[in-house]
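Two complexes, one shared chain (chain A), two partners (chain B, chain C).
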Partner chain A sequence: MAALNTVQTPSPRPGERDAASAASRRLSGIFGSNLVGLLIAIAVFVLLFGFFANGFLSKVNLYSISRSIGIDGVIGLAMMTVLVTGGLNLGLGAIGVCSAMGVGWALQSLGLPIAVSMIFGVLLGAALGAVNGLIVVTTRLHSFVVTLATMSIFFGTMILLSGANGFNALPRVLTGFGRIRMYGVVSPLLLIMLLVAALLFYLYRYTALGREMLAAGANPFAAKLSGLPVERLFVCCHALCGGIGAIAGVMASLRNGAIVPSMAGPLGADWLLPAFLAPVLGGTLLTGGGVSVSGAVLGCVFVEIITRGLYMLQIGEFWIQTALGLVLLGAILLERGRAAMALQRSIGR
Partner chain B sequence: MSRQVKSGLQVEVRGVSKAFVGVQALDNVNLTVGAGQIHALLGENGAGKSTLIKILTGVHQPDSGKVLLDGREMAFRTPREAIAAGIGVVHQERNLITRFSVAENITLEDPPTRFGLFDEAAAVAATRKWLDLLHLDTDPRTPVSRLSVAQVQLVEIAKALSLESRFLLLDEPTSSLTPHETGTLFAVLRRLAADGVTIVFVSHKLEEVFELCTHVTVLRDGRNACDSRPLAGMTRADVVRLMIGRDERAFAAPAIGTRSGPPALELRGVATGLGHKDITLQAHAGEILGLYGLVGAGRSELARAIIGAVPITAGEVRIDGKPERIRDVADAVRRLGIGYVSEDRKGDGLILAHDVAANIAATVWHRLGKFLGFVSDRMQNTTAAPFLTSLDIRTPSLAQRVGNLSGGNQQKVSVAKWLAAGSKVLIVDEPTVGIDIRSKAYLHDLILKLARDGAAVIVISSDMPELVMLADRIAVMKGFRLVDTFDNAREYTAASQRIMQAIHG
Partner chain C sequence: MNAFRRMLRSDSLGLALVVLLGGAALSIARPEFLTAYNIDVILVGFCLTVIYALGQGVIIAIGHMNLALGATGCLVAVSFGGAMQVWGLPVWAAVIFGLLIGMFCGFVNGWLTHKSGLTSFIITLATMSIFKGISLGITEAQPFYGVAESVKAFGSDRWGPLPETLLVALPIVIGLAVFLGRMIPGRQMLAFGGNPSAAELSGISRARMVILAHTLSGLLAAIAGMMSVARLQLASPAIGDEWLIASFAAPVIGGAVLSGGHLSVLGTCLGVLIVSLINQALVMLAVDPFYVQVLLGALILGAVGLNRLRESRMGNAPVLRLS
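Up next, the complex of A and B:
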């Protein structure tokens, strides 16, 4: 098709155009996203709580916050990978707990080495996620109902197999790892979260696979007609969600020092709020095809700071839950508003 | 149709201006439509037609200027107020609820009820009247999602008619219709006008404008290029000059198909899961094969079978003479080099929310990927950038969302992604529907150029003049079968007669 390139046109030179656009894109990228807003909100609340909540800035508290950010951040990132498809995974908590239990079984019952057990757990989580994905693409049901069902199936099977007994004789190295304090305030769990975030950023920004996932999620019909293997990509997204969920499950176990079936509440449902809060606050589109890894991380930081701050102000647990629910609703409405605004602008010709 | 005599509604727009963020969409625009007149509103994409229509129908409010109906000043704040004032509109975008039946859609504003419940029988009866008027033979209980694009368009028109408005605005109502359906619609519109209904008609098809309308208003860059002139005495060239501000370019010389060697794509006795039977056709490299048929003849569906989106159940597919099995779309696109420019740009042709670069490069990411599938923005832009110049895609940048581009530029992007993929067989489905004259001529040139550069191009079009102008050979479909294939000498009368003979004879 080389001959096509010789068509002469009066349009501006591409170089000029791109340089200008790159700058404007970066600007609109920053202000169009939630990042700046989140950073400001985080700063404001840190100041507020630092001032009013006694001990908020203490080393113990900061350490504890960093640990929670680590775990909830990975939970949020896991959900983000499946929000890409325009779907969701209600069974994320169940998969996380099942995988962690798998790790415990491999370590204690099979006596496998730590590294092997970990890999086994992550593969188990990915496999459970892939099951979700396969059911979704073959039945074409919405992932809401599919994962609602598999959540019960996975969790129930795990309870049957384990007899609801946890694993509390974990190797010293592991329980010790969960207690490491770097510089007195940083938990290694936070670093794991940042590593997962970096890998996901790389995936969506710099790989063919990640770009194809986003395209398939944004418009599966168009992606399919462009020759993308949309079904396979969706299964990959679900598997990725399960694998990262498994990492979160193991991280939560490290914090607890033991692997117990009840660590994420009934059916793993305690994970749902943090799972949706972080990505949605960060600007990930619920309709699919749009993610913000850094947004999800900041969203998680914001949520943890609010939670911990309110907690230290001795506001009741239920009030905190209510507040988080309101934050989620607000974030969703904000997304709606922004989408409507973008539409207004595009039809205004 | 109700024959009660209505006083016609006289419509006047005086000095209306409207700006959107940074764009002056309308600048001091005038329009005068006499009662019972059929008035053409013309202009290229972006000239301000849609904005003017949205102001007349209460979607947008003017920054300055007046809208007068029968001499009374109107200031609609919502579309509902405009409807109440007697304005009916067929928008370019589809506004039907696809899950609802035809009857439920048509009676949506004022559903007939019985004991407080939706009265389906009454709704069906009321709906059938309007469908019959347009010769649309569809059960009113059918969900809109199961209708073809043309049927949906007719239902949309029926819905506007059912409001029995005194002023009817039609924005590209014929874009998906066959000449026959268009003829039926025009007969209905003429009768309405004779009854005193005032009609404003927007179309890119100038032949239709001359056939139907008596007066014309042309917008260019948000201003009046002419204000309510009688069409009598004006030529097509006059109108084009008003629209684009210069003379229309002469059409390039047609490609000469060379048919040496095995065909790039050959179907032998192919049947599909959708009901195609015994389809045998050949598309040679360097040649344009035109595929004509009425709506429902199974043209787009055949294209979807060739691209692998619909299973082929019998027969043989040969690519460059070799028998091949098309497993799925990815297989057809990546291994066999087949490309498909969808008729439904916004639905499954493009990812509107993503940027130009991503849309063009989507077909080749897997090939760009180096170590661990690494693809940077730079690599993607290097792939996409040449097409901005070579296809004259007007966009501020590669990072612009495709949804923000005009129809013509969107269509160029959806062609560009197949050029990037290097497709050897390219199926182009209704390439110029809803596209302005300048882009249309450009796309015609582009299709010819693609064939000359060695691609086998299959053009599906309901626009018979377009097809006769472009195609080296024409295949005619009817009822999911091929009924005729012939060499096209690009002679309109002969070709159109042969096509009509094949379909109706």
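Up next, the complex of A and C:
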């Protein structure tokens, strides 16, 4: 019986909230309301900004939007993979920067070929993520405090090892790749994001591993009772998050043309807002067990369009942060309202 | 034997030992550690950190968290400076204005958390971005320099060997200890943190507790923000940027249980002292400042692990809940 108690960690509080989210999950499966709502919102804002913000639909701007969507989309998808467990990863930015620095080290100091360095970076990210996961499942502490601590540890260690020096002599192929424009407006970074999204979609929709991750996240206790290795699955989720975070770190370096330790702010905390905005807007459940890959992608598109549009309207870049906070707040409150309505409707039936 | 066991169980004994031994070791390794200047540096840092650490502590006590703590402090600091420089308000009015803003920010966090029934993590992530954006927006990332002389003097004056800011920090620490230990709303808050459903069944209002704790946290963040202004002699919109880790580290090292229901004010103070001791030690031993981050992270992990272990030793089934 003792083994059964091992999976309480990320489980949300039992009670009405579970019922509400379960109902909303069912209903959003039927109506897909999140996606439709997001699509309409995106269309409305594109039209608005197209009319009022000078140069919003220019090629330069669209290209720049596509590049940001690529990077922030991967960041959001990375967070989504760990939200599946009902936990989170504050250290995503730190892992991304650490892995990018690892790639730089492999390329410049070890002189490894590009492909090998990239694989090394992703594995490093996955390993750091797995460390988070292992600590979470063995100590049964909430991932918030675990990743708060490891974020500080990972980032500090990286700075100590690198002496806070970046890598700026990247091979031409890589710096050139960040600047490629396809059809004048599409960055290859966007395609990488779509590829990651497609793989995740496949994972959660069609593979046993993905379904098991969702089941374990939705109700760890029930999953354990039905014989799933919940701990191992959670470690996998955290490792997946780290690996995708590493990809995002490398992508951000490709945009900058150099790998710098400060690219995600102090302790990599600048990634937090984009990381949560995209999946939460897309309808991923914070309580675990429910993901929407296409929702996360659309959520990220929505956020980038708002950011860029407000920027072009010259309302002052500092107010954009306020606007994004309001968007996040509005989205979660809207989601709550819909869940409550869904519950009422399911009771009334 | 019983008294001994109780002492072992208390949060503070081990921590006090760590502070004493660490201080002793440091003063042997580096005799200049015990100079008045050094102690002053530690005390000045202590006064600020203890206030925002308690601001996080009261939220941890009800099993929530407040990511917007630093952003609240920042918004208050900036409005405090702006009220004096742009509006020309007298200091007392600016202080009241700042306190009201802080309490309002906290109230918004609490109200939204309660009304939405969502985890405070995501709510305060959103409000963090809102508050921070507002402070950057109204200052355009430039500090206000027009801080009144009396405020500057408060931040830099010494009262004998002690910094004047201790006059604010000490009453807050004592007041909070009395509030949580002896007063009805404080006891109710801890009871609610320990087991919200049981507390609700015994007639404690959930809404009132959540909003009370968050408003208190906003108030403490406001005081810490204005104290930073006094210390820096200017109202910079960068105030509060690096509060997050320390604000969790100190209460957790002090024995606070993240699932709520327990907060030791004395333990938090000792936790702050340990953090500043480490900072100081690494400065004096000329170690890279980034070791501080690694150590702080390791310390948080170690402390929460230890708390968890003690919890299960004491027979309390660990209830994990982070809403």
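The rule is simple: the second predicted complex is superposed on the first by the 313 of 349 C-alpha atoms of A that agree within 3 Å, B and C clash if a C-alpha of one lies under 4 Å from a C-alpha of the other, contacts with A are read in each partner's own complex, and residues count from 1 in each chain.
Methods note: a residue touches a chain if its C-beta (ideal position, glycine included) is under 8 Å from a C-beta of that chain, and two chains touch if they have at least 3 such contacts.
Since this is a predicted model, take the numbers as computed values, not measurements.
In the superposed model, A:T207 makes contact with chain B only, not with chain C. Shared-chain residue A:F221: touches chain B; no touch with chain C. In the superposition on chain A, A:V60 makes contact with neither chain B nor chain C. By the document's definition of touching, of the two partners only chain B reaches A:G289; chain C does not.
When the two complexes are overlaid on their common chain A, residue A:P266 makes contact with chain C while staying clear of chain B. Touch criterion not met for A:V36: it reaches neither chain B nor chain C. In the superposition on chain A, A:M151 contacts chain C only, with no contact to chain B. In the superposition on chain A, the residues of chain A contacted by chain B and by chain C overlap at 9, 11, 17.
Across the complex, chain A is touched by residues 65, 112, 116-119, 121-123, 125-134, 136-137, 140-141, 241-242, 244-245, 248, 252, 258-259, 288, 290-294, 296-298, 300-301, 304-305, 308, 318, 320-323 of chain C.
Here chain A touches chain B in the complex through residues 1, 3-7, 9, 11, 14, 17-18, 20-22, 24-25, 205-209, 211-212, 214-215, 218-219, 221-229, 289-290, 342, 345-349, going by the rule given at the top. Those residues of chain B lying in contact with chain A across their complex are 20-21, 23, 25, 46, 48, 50-51, 307, 309, 328-330, 332-334, 340, 342, 347-354, 358, 361-363, 365-366, 368-369, 372-377, 380-381, 385-392, 394, 396-401, 403-404, 406, 417, 419, 421-422, 446, 449-450, 452-453. Those residues of chain A that touch chain C in the shared complex are 8-9, 11-13, 17, 88, 135, 139-142, 144-146, 148-153, 155-157, 159-160, 164, 266-267, 269, 272-273, 276, 280, 286, 316, 318-326, 328-329, 332-333, 336.
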